[in-house]
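Next come two complexes, and both contain chain A; in the first it sits with chain B, in the second with chain C.
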Partner chain A sequence: MPKLTIDGKEIEVEAGTNLIEAARRLGIEVPHYCYHPGLSIAGQCRLCMVDIEKAPRPTIACNTTAGDGMVVHTDTERVRDTRRSIMEFHLINHPLDCPVCDQAGECWLQIYYMKHGLYDPRMVDEKVHKPKAVPLGPHVMLDAERCILCSRCVRFCDEITGTGELGIFHRGDHSEIGLFPGRDLENNYSANVVDICPVGALTDRDFRFQVRVWYLDTTKSICTGCARGCNVDVHVNRRRPHHAEGRRVARLKPRFNAEVNAWWLCDIGRYHFDFVDAATRLTAPVRRNPGGPADVTWDEAVAGVADALRRYPPEQVAVLASPQMANEDLIALRRVLETRGIREVAFDVPPTALAKDDDFLLRADRTPNRRGATLIGLGGDAGGLMAAARSGRIKCLWVFHHDLLAAGWPAAEVSRALGRIETVIFTGTNANATSERAHWVLPAAAWVEREGTFTNFEGRVQRFRTALEPLGQALPEWELLGRVLVGLGGTAAGRRAEHWFRELTGAVDAFAGMSYQSLGDLGRLVAGATASGLPTPPGQRASAHA
Partner chain B sequence: MNGAPGSSNSPPAERAGLAGPATNVAFTPEQLAEVRRLQGLYPDKRGALLPVLHMAQDAFGWISLEVEEYVAGFFALSPAHVHEVVTFYTLYFQQPKGRHVVAVCHNLSCYLAGSRDILAHVQRRLGVEVGETTDDGRVTLQSVECLCACEAAPMAQVDDRYELNLTPEKVDRILEGLR
Partner chain C sequence: MNLGQRFYLREVVAGVALTAGHFFRNMGKHIAHALGRKDARGAVTIQYPEERRPYSPRLRTLHRLVRREDGSPRCVACMMCETVCPARCIYIVATEHPNPEIEKMPERFDIDLGKCVFCGYCVEACPEDAIRMDTGILEFSSYSRLGMIYTKETLLALEPATADGKPTSPVPIPATRTV
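And now, the complex of A and B:
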């Protein structure tokens, strides 16, 4: 293991570590654009110059491997001068459009110019003009004038997705990023190029012009788009609500977790949050009488639901739980079922069309917590349950989230079954055809409006945290279930999600020994699970482009 | 980027006298053998991309997007990466070219020796601007960077020959010889 000195501090690093990473470990930032730890070295931007003793001239740190006895200086006069010159080159043709650029505030040209800029530009020539606001596909917008040609996006499409849509065309100061004419950037990871673009050249068509990034708040969370549970940051706009017409969730950004998703996030997951601020959100408990629906208080709703669960013998009550529910909700539900001795429970409602794995992160199972629901013991025969409902045996059905009328069952049969059930209870975030048929509707907080944990397909338990207040009167499901449990004469585990998680670790062996603290930011595997780790990106498999 | 292709929007086939559009793009068995031979000359077969593109240009007249995709197939490259190479070099034509190519140097030595007048003369004689092809498909005119013959400035490359120490009279003679 080579031992080297950077800015007077000694450090030992694994062989093969480059100087940017070695310095990072000492808390020293070497500025860079083209280097990205998830991609190959391009050595294109030249900004990461450092002085190495006995070397005749400054050297790029990204492509220099730490050597034993190396003495590196990242802040000499010569290095500072070099950076200033390189920034000057990068900005020769870059437009001065920060006031209208979506990247402003998270732009590395701005950030590094503050530190390393010349401040007194010498350029008198007209800038080279290139295409602006060019859609590269459904999610990405290109401004070629802002591009500094770091080639991160090109390498991403080559080395991660293996789709190779992007290239750098033409030459010299006419060089520009682009697509092969007639093609689109529409692989399922396209928006990652926006994340890795250090400047405002590639922006997100969904996010752009919604709100300035400095008004956003960030919360650690988990993507609910599929069973992988990619780690994300939720960016919410609370401070300028009028800028986005009531849309609170501005965007999801991938959060690094080496075992789950590394730096990446698929487009299906990234944009799977529109339901949170949709007009269909359920915001108040509702009782639907023959006379029509009426808003009720939570106390009335909880009492009504508890009364229904108590009124019918347990064999006439059935529950369709959901793999959208967090572990905390599922254990609370299990306690409710145990209190009444209800056995007819399932969560696997068949979808209308079977989804497929993509060739990287996205799983065919488009729910975040099937593994959790299975471990907590809520698995059952949903088809049999519906058959029992059709036969008239089930008098009371509690549905969580599902729209049974838009599932893989014949809608007419479901409709007939719902018609025979005396009391239908619906809990979910958004209205659907099933909630329209429910006698009691209990509005649930969306995952970004509460905290909890999901168990991903491999058994990794991961925390998500509260980014927003619940809309209207919606409650986390563990809370509304706890209230119903109390209404049934039971005892709720507590008034925080963490209390229910503790209840879970005591009740289900797979979770034994876990706590919110021990899960940390990166999660922990349930007992007996084996990590499958990050799949090899398609662009790095043997069959990919040579 | 003078003479850089890709600026014309008119469908190439509609212009008289030009090589037709490369619709059925395919090498002959002999050309395919040559592709394999060229690829064998390099440690990484991608090294043969430039000579194979030249072959393709000779075979199909110019490098259409279709040709780029066809060539990409021999190298397991995405078409975007072949497009990078084709747009980088001015010697690959992204639109049909004339039967002859006249490339007048405009770099320093030639400029000082009067290349501007030479170029203007050629333009007048041919009736085309830089980057254009005569209506009869006879000559494509380019204005290019240094071709390493400063000692004989002003100069031009006509097809694969250097024409040195140009004068308007010499230009006329050369142009007359192009059929």
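And now, the complex of A and C:
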């Protein structure tokens, strides 16, 4: 393994590591635009120049592999001079329209200009004008004037998705990013080019002009779009409620996890947060009498639900859990079921249309915690439960999240079955046709409004954290289930999600030995699970270049 | 305090003499002024609101939004003023401008003058010189809080004051004003 010296500090790195990565390990930042650890090396931007002893001139760090005995300087007068010249070069045709640019505040051109800029421009000629505000596809907007031609987006479409929609056209200072004729940037990973664009050339059409980035707060979370559980950062706007029509969740950004999603996130997952601020959100417990619905307090609702569970014999009560629920909720639910001896429980409701795995991250199973629900032992297929409901044996049904009338069963049949049930209880974040039929509606907090853990398809338990306060009176499910448990005469494991997770690690062997601390930011596999790791990106498979 | 002062009487008489002196001198001058002696002026009370002191050109008065030649706001909804505002009295909602060269414009631009502290940071922060505080208007009031919210349309209609600070636009009445 080569051992080299960077800015006077010695480090040993694996053979093949480039100088940017070697310096990063020492905590030294080498400015760069075109280099991205997930993509091939292009050497386009020339900003990552460093001085290597015995080399006659500065060299780009991204395309220089660390060699034994190399002595590298990243902060000499000559390097600073080179950076300043290159920044000047990049800014010759840049419009400097930061006030209207969505990237402002998280723009590497701004950041490096402040650090390495030549503040007194020498250019006197008119800037080259290029197309502005060009939609490239459903999610991405291009401003060719702002582009510095780092080619990250082009390489992403070639090397990761393998779809190759983008290219660089024309020559010299008229070069610009564009779509190949007849193509649209509409692959399921298109919005990743917005994340990797170091400047404001590619912006997100969904996020465009909604909120300025400096109003956003970031929280580590997990995507709930499918069973993979990609690591994300949730960006929420709590400081300027008049922006984005009051929507609090502004966007999801991928968070690096080498084992799950690396730097990427699919578009289906990325835009799967609308329901959090939708008008259909349930905000108060509701009791629906023959006379109509009425808001009630939590105490009344919890007492009513506990009373219903106690009134009917256990064989007449059924519970339809959901793979949308976190592990903490599921163990709390299991405790409620055990207290009353309820056996009729399932979580797997057939969807109306069968989804398929895509060729990279997205899983056919569009729920975040099916593996967790299976491990915690909450039954499986709801077909038997539905048959029992149709036969009239079930008198009380507690549904979590599902809309039974929009599931893969004939709606008329479900409607008849629901009609025969005396007490329907619904717990969920948003109103749906099933909640309209429920006698008790208990509003649940959305995943960004609480903390917990999901178990992804390969058995990786990952934490998500609280980004927002719950809307209205909504409560996390573990909390409301804990209150019902107390109402039934049991004892709740605690008043924090972490207490319920501790309860889970004691109750289910697969989770034994875990804690929130040991899960960390990147999660841990349950006992007996084998990691399948990050799939090979479609653009890097042998068949892609055949 | 010496003995003379401790008796008060002498001080009271001295005070009355001073006040009376001013009173009669002013009265004499006012009478002379009223009789046509224009060089004789009494006490310098400015008869507001008929009479006004000239304002300094750098006085910060009611905001206005600067217009482009076609009458649309020069503002590009960059949120700099909203960000810098210490009173948080500016509310901007951005939208797409039909011209991609301009790209962004305010759909809504409200200033809550009930909260504004007239610090002028919004004018300082503006990269487009789109907001100024030079209307010369100081007398805006309302019976309701809602009536203190000035919208984009109201602020766009205002004109700058004259050189001696005299407002050229009438005091705007927000459409939301209830009383």
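Here, the second predicted complex is superposed on the first by the 542 of 546 C-alpha atoms of A that agree within 3 Å, B and C clash if a C-alpha of one lies under 4 Å from a C-alpha of the other, contacts with A are read in each partner's own complex, and residues count from 1 in each chain.
One rule holds for everything that comes next: a residue touches a chain if its C-beta (ideal position, glycine included) is under 8 Å from a C-beta of that chain, and two chains touch if they have at least 3 such contacts.
From a predicted model like this one, the values you see are computed outputs, not experimental measurements.
J.: Sticking to the clash and touch definitions up top, decide whether chain B and chain C on chain A clash or fit.
T.: Aligned through their shared chain, the two binders fit side by side on chain A.
J.: Where does A:F209 make contact in the superposed view: on chain B (first), on chain C (second), on both, or on neither?
T.: After superposition on chain A, A:F209 lies in contact with chain C alone.
J.: Look at A:G182 in the shared chain and tell me whether it touches chain B only, chain C only, both, or neither; answer first, second, both or neither.
T.: A:G182 sits against chain B, while chain C stays out of touch.
J.: If you stack the two complexes on chain A, which partner ends up touching A:H243: first (chain B), second (chain C), both, or neither?
T.: second
J.: With both complexes overlaid on chain A, does A:H499 touch chain B (first), chain C (second), both or neither?
T.: In the superposed model, A:H499 contacts neither chain B nor chain C.
J.: Which partner does A:H174 reach: the first (chain B), the second (chain C), both, or neither?
T.: The answer is first: A:H174 touches chain B but not chain C.
J.: Determine, under the contact definition given at the top, whether A:R84 touches first (chain B), second (chain C), both, or neither.
T.: A:R84 sits against neither chain B nor chain C.
J.: Specify the angle subtended at the CA centre of chain A by the CA centres of chain B and chain C, expressed in degrees to the nearest 10.
T.: Taking the centre of chain A as apex, the angle works out to 90 degrees.
J.: If you stack the two complexes on chain A, which partner ends up touching A:L166: first (chain B), second (chain C), both, or neither?
T.: In the superposed model, A:L166 contacts chain B only, not chain C.
J.: In the superposed arrangement, does A:R288 touch chain B (first), chain C (second), both or neither?
T.: In the superposition, A:R288 contacts neither chain B nor chain C.
J.: Quick one: smallest Cα-Cα gap between chain B and chain C in the superposed arrangement, Å?
T.: Between chain B and chain C, the shortest C-alpha distance works out to 20 Å.
J.: Please give the residue numbers of chain B that touch chain A in the complex, ascending.
T.: Against chain A, chain B makes touches at 1, 4, 46, 65, 68, 75-81, 83-84, 87-88.
J.: What does chain C use to touch chain A in their complex?
T.: So the residues of chain C in touch with chain A come to 76-80, 82-83, 91, 93-96, 100-104, 108, 127-128.
J.: Flag every residue of chain A that touches chain C in the complex, lowest number first.
T.: Those in contact with chain C are residues 97-100, 104, 131-133, 208-210, 212, 214-215, 240, 242-243.
J.: Please output the residues of chain A touching chain B within their complex, sorted ascending.
T.: 157-158, 163-172, 174, 178-183, 545-546
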